[in-house]
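In what follows, subunit A forms one complex with subunit B and a second complex with subunit C.
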Partner chain A sequence: MMWNWSFAWHILPTILHGMVITIEATILGMLLALVLGLFWAGLLLLPNRWIFWSTRGITEFIRDTPLLIQLFFCYYVLPEIGITIPALLTGITVLGINYSAYTAEVYRAGLQNIPRGQWDAAKALNFTTWQTFTRIILPQAIPPIVPAMGNNLIAMFKDTPLLSTITVMEMLDRAMIIGDKTFRYLEPLTMVGILFLIISLMASALIGFTQRKILVRR
Partner chain B sequence: MNHKASIEFVNIHKSYQRTVVLENLNLTVAPGEHVVIIGPSGSGKSTILRLLMTLEKPDSGEILIEGESVWHTTRDGRNVDASPAHIRRMRGKVGMVFQHFNLFPHLRVLQNITEAPIRVMGMPRSQAVRRATDLLDRVGLADKAEAWPAELSGGQKQRVAIARALALQPRIMLFDEITSALDPEIAGQVLQLVLDLAKQTEMTMLFVTHQMRFARQIADRVLFFDRGRIIENGTPEQVLDHPQQPRTREFLNNVFQAS
Partner chain C sequence: MLHMLPMMLRGALVTGEVTAGAIVVASVASSCAVAMRLSTLTALDWPARVYIELFRGTSALIQLFWAFYALPLVLPFRPSPIITAIVVLGLNGGAYGAEILRGAILSVPRGQHDAATALNFSATTKVFRVVLPQAWPLILPPMANLFIDMLKNSALAGLVQVTDITFNAQILQESTLRNAEVYGLALVIYFIMALVLAGFMRLLERRMKFPVGARI
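Let's turn to the complex of A and B:
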């Protein structure tokens, strides 16, 4: 089987359409993961043991069940109990919730690296807990965890083909449809692989740049 | 003029897990008084300051600041837990300088000082900056306003920390071993600054320190503390020169031999 350039050019627009969906799902999923993960990490900091252990339980549960099953469950089982969510929205939400369990750990590591004295000083200056968290602790905790967060972002990006299993027309889904119709899988699958590679490399570079930018400021 | 005590500890008990840190502590400090607490490490000295700063909560007993309980209020004649708003109001009367400075490394020197007045007191930025600039001038660091904390020496960091605590104009200032992390020469300069400061204000001041010369210079009263109890309590002359208790004599002998 030989690579056919004209066929590749012909299917490129369809695959790029899929890429838009892939990137959309990644960005929205990551936003959800970043917000929800911070929420979990915040709960884990509270002195209340009940809150701590329930939060731990939730994030452990999310991390110890396969993403694919979570996707299937939300897309195929929830409608049976009357909850029907469109495929893409299901995909983004499940990705976001799934990765929030990982971002929570990254946040937690960042927060634990802040010395106790910073909390003491903030309290002695009479900042509220919220002000302490948002103005004193987080701005110190975030820069060192940018690389780890970036890795999560790239990992999530590479997990988006799983959304094809719940009928989301992302890149891989489109490539497979083309393959099924034309019996040529070489070009569509190669192109999808290369697009994933290019975007991942670009994302890595951007993360590295961001981190240097933040560190230079000190 | 306020004739109430500035600070009162009434039957304060504090332990961590099984270790008793403070046992039935009673202590009264008059307004404007400078009290130095000395004693061996782990004797609970710092805990007194941390309790006053509300960084820790006592297991039992009452802490009163200017006659008002920090942790309790009376409602319908009953003693109930105070609201967070009440505790914050009480906390606002107290400022603290720490052994390890605890400057905020992500904020420039000036912002370290202005952040609390702006966010906590709601002071207009221009006024906060003016006050911070004055304070930096007072601690001899007017030219460091735009520096990052990481660019300062230990002594300079501690001066900024003092300015930062003063910016909120507390009625009571707590100094927790503020020179323990500094070279002796630098420590001397910081202590001189505090001595000057103490002369210029009417703030009540509590110090935990191992610097006996400084204690003698600044203290109206010295407390010798051991194993969660006040062993000796008197003027610097009484406690440092004529200690009554064998434990105090032993401690002072060790300290003076070391220095």
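Let's turn to the complex of A and C:
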């Protein structure tokens, strides 16, 4: 079976349509991961041992189990407990929660790099804990972790094809539907692979660029 | 839930097989790729670079589907699902492993390479007696993470007819419709397997901690 260019052109719009959903899922999932990850990292800073260990336990469990099974679990179990949301939303939520466990570690590393003296100084200046965290600590902790967050973003982008297993019509799902209908898998699957390759190469070039920028500024 | 256990454990055995096989493939692939990457010959460097970028730049599931659905149309034969899964997941992990090895080897000071050359060590002696012993402590922790990622990635094999935990869980889910129990059990089994693998890697790390001058 040889490569058929006219067939490839014919299916390109369908696949590009799927790419919109892929990118949508990546961006929304990452937003959730950024917010939730900061929440976990904040909990880990609290001086309460119980909160610390339960947060640790939750994030560790999330990181040590396959995303695919987490997706299946939520896709099948959420409707049972009365939550019926579109598959795409389930997918975005699971992606976001899964990656929040990773972004939490990145935030933690960033926060640990802030010298203790900054907290003490803010206290001496009569700042509240919340003010210290949002005005003093975070603005210093965020810029160095931007490249690491970017790497998480690329990793999440490459995990979005898993959403096809819960009927989300992203790129891979569309490619497989085309393949099942026409029995030509070579073109759609190769095209999806190439599109992923192009986007992730561009994204990692961009991350390398910002990383150099940040290093120069220091 | 108890009657599900035998089938899930049979799946766990296959998951273990796929993961172990993939780790072996990844170890070989990453060693070859890093040797080629570090060689001064462009003709060797480039193929390794393409391999690494290709597998790191696309998604593991797409690679697996491509090898399972598209590749047999081009190949004269059809490899069994488990072989396909082991090779693809292994090559995928190998691309990440090659970058880990490269980073660790390059972080061994240049002078160590030069000193080995000055002492007239052969290339093999230099690599195995001078460079690698110093690189190990930097290689193992990220390798442990990679292996756990590969264990988790092995769940994808269930989507291409490999009868692992994921595959058996899907069958149980369809026949019993006890969704929470089936997938909850699958999550727990994967978690335990990851903990065991992590524990094993930590043991290895501890033993490799002082590879140079270990006899104190």
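Methods note: the second predicted complex is superposed on the first by the 208 of 218 C-alpha atoms of A that agree within 3 Å, B and C clash if a C-alpha of one lies under 4 Å from a C-alpha of the other, contacts with A are read in each partner's own complex, and residues count from 1 in each chain.
FYI, contacts are C-beta pairs under 8 Å (C-beta built on N, C-alpha and C of every residue); 3 or more make two chains touch, one makes a residue touch a chain.
On a predicted model such as this, the values are computed, not experimentally measured, just so you know.
*Asks:* By the touch definition at the top of the document, which applies to A:158: first (subunit B), second (subunit C), both, or neither?
*Replies:* In the superposition, A:158 contacts subunit C only.
*Asks:* Once the shared chain is lined up, is A:127 touching subunit B (first), subunit C (second), both, or neither of them?
*Replies:* So A:127 only meets subunit B here.
*Asks:* Go through the superposed model and pick first if A:176 touches only subunit B, second if only subunit C, both, or neither.
*Replies:* second
*Asks:* Would you sort A:192 into first (subunit B), second (subunit C), both or neither based on which partner it touches?
*Replies:* The second partner, subunit C, only.
*Asks:* Have a look at where A:140 lands relative to subunit B and subunit C in the superposition and call it first, second, both or neither.
*Replies:* First partner only, subunit B.
*Asks:* In the three-chain superposition, say which chain, subunit B or subunit C, touches more residues of subunit A.
*Replies:* C
*Asks:* Given the touch rule stated above, what does A:118 touch, subunit B (first), subunit C (second), both, or neither?
*Replies:* first
*Asks:* Name the contact category of A:80: first (subunit B only), second (subunit C only), both, or neither.
*Replies:* A:80: touches subunit C, not subunit B.
*Asks:* Show which residues of subunit A both subunit B and subunit C reach, each in its own complex.
*Replies:* On subunit A, the subunit B and subunit C contacts do not overlap at all.
*Asks:* What part of subunit B is in contact with subunit A in the complex they form?
*Replies:* 50, 53-55, 88, 91-92, 94-96, 98, 100, 102-106, 115-116, 119-120, 148, 150, 161, 164-165, 168
*Asks:* Okay, in this complex, where on subunit A does subunit C touch?
*Replies:* Its residues touching subunit C are 1, 61, 64-70, 72-73, 76-77, 80, 158-162, 164-165, 172, 176, 179, 185-186, 189-190, 192-193, 196-197, 200-201, 204.
*Asks:* Along subunit C, where are the residues that touch subunit A in the complex?
*Replies:* Touch residues, subunit C against subunit A: 53-54, 56-63, 65-66, 69-70, 73-74, 148, 152-156, 158-159, 165-166, 169-170, 173, 179-180, 183-184, 186-187, 190-191, 194-195, 198.
*Asks:* Tell me, which parts of subunit A touch subunit B in their complex?
*Replies:* Counting only subunit A, the residues touching subunit B are 115, 117-118, 120-128, 131, 135-136, 139-140, 218.
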